[in-house]
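Could you have a look at this structure, given as structure tokens, before my questions?
Labels A, B, C and D are assigned to the chains in the order they are written; within every chain, residues are numbered from 1.
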């Protein structure tokens, strides 16, 4: 679980005066990279140590609960809520103070580039799961 | 139903060498505006004739079926697949030639700005539904 | 003068693995909004108190001194370096630690919307200049 | 010299109701890729045949002559106006019908990745210059 602040930019808002919705997904993506950063996992490490190009998306969804606009300082909470063999689900909760702004879910796969094009799913290393999973109490 | 070409830009792709996924939603949004354009509905008309600020999102989702990269020329097919009283669903299908690339669904609301902030859903005008609905066969 | 941190996002980088250059200008724009925020000037205040739609660009330029990539934490220093009657110049300096990354200059105009379209330059209020200008010593 | 159409997207416009200025540079970049596409030069070819990662920016500038907004169909003319040994200048002219919208200039370098980080300028191949230079008359 990780939290970051999103300071909404003017250029992320549209002529309706509210944040343009694809930017919510850009924030979610950034939230996951920042979560991985807390365990020292960046793009170079992912390539060198695990031979993957990253964790591309299989699916993504979001509900938009309340509009937000430039200058707003939001809190984005990012958490991995499911581990599969080579896929995992990431939950994102965005709020402004106590006001929920949006909730998102990404379905991603731990993948290398397939020779000839496309993506090759690989097993998620146990150490990655272990370091990002909640420690059971007791 | 409307189709547009998306010529994927280098700047829409990420260090993994494939289109960054929030851009798919930006393309979907553009597909809907272009669909509305076919019946002469733009932002100024929406404001002046109907008193709305637009059709903000309640929810959005996408499945990503095959990666795409800069230079690809994609076809985006956009269709309104459900009309509610003040909400509607928009389906997007993206393909490269015969290869499906992605499928998305947006849930939107026909809305004015609420005095004091927030969004006020309004009934979708009958003429809008009529002009964008499939004509039943005779 | 104001400084903000830019945490470079994966989605702001391109297939060459470095930040896509238009994003530097998006950071510069955000730097200016954040500078204006320090004196309580936001879009609503600009519209309500001064009757302007903002400070659109007449020209912009940047030199790119060293590449930057996702995960980098940059410092952006933004300063208004010239006040004209209705125009002003904004200087931006971006660095990573002690390494200069980029330098930019924006030429902007304090402007209302012109009836019928286009932009109407207005005189910059004295209080704005005063609050954002260096205080002379002595 | 190459021309493309830019169909301005709603999401490329900001709360002032006009195109957000960093997007002009994104269009310029896309104009150059499309110009290179006309001679069969894409990212994979650039890497495989010439060993470069691309043509990163040394500097960029633009003048903004008239605002543009979503739905506008612009014409972008892109031309390489100077060839150096490993650098070149790209001029971009953007218009809506006969109305000039913006003019930009990019200074780029033909470059490989330098081992250990940074960029290594390489000589521009003669065949690239030849195929993109105006044919002298007579």
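Assorted remarks:
Throughout what follows, contacts are C-beta pairs under 8 Å (C-beta built on N, C-alpha and C of every residue); 3 or more make two chains touch, one makes a residue touch a chain.
Since this is a predicted model, take the numbers as computed values, not measurements.
Remark: among chain pairs B-D and A-D, B-D carries the greater number of C-beta contacts.
Chain centres computed from CA atoms place C at the largest separation from subunit B.
Computed from the mean C-alpha positions, the centre of subunit A lies at a distance of 23 Å from the centre of subunit B. Subunit D has its Cα centroid 28 Å from the Cα centroid of subunit B. Computed centre separation for the pair subunit A/subunit D is 32 angstrom, with centres defined by C-alpha atoms.
Shared interface positions of subunit C, i.e. residues touching 2 or more other chains, are given as 10-11, 15-17, 20, 22, 26, 29, 43, 69-70.
Viewed as a network of touching protein chains, the structure reduces to a complete graph with every chain in contact with every other. Residues of subunit D that touch subunit B in their complex: 7, 9-11, 17, 26, 29-30, 33-34, 37, 42-43, 69-71. Here subunit C touches subunit B in the complex through residues 10-11, 13-17, 20, 22, 69-70, going by the rule given at the top. The part of subunit D that touches subunit C in the complex is made up of residues 15-18, 20-26, 29, 43, 53-54, 56-64, 66-67, 113, 118-119.
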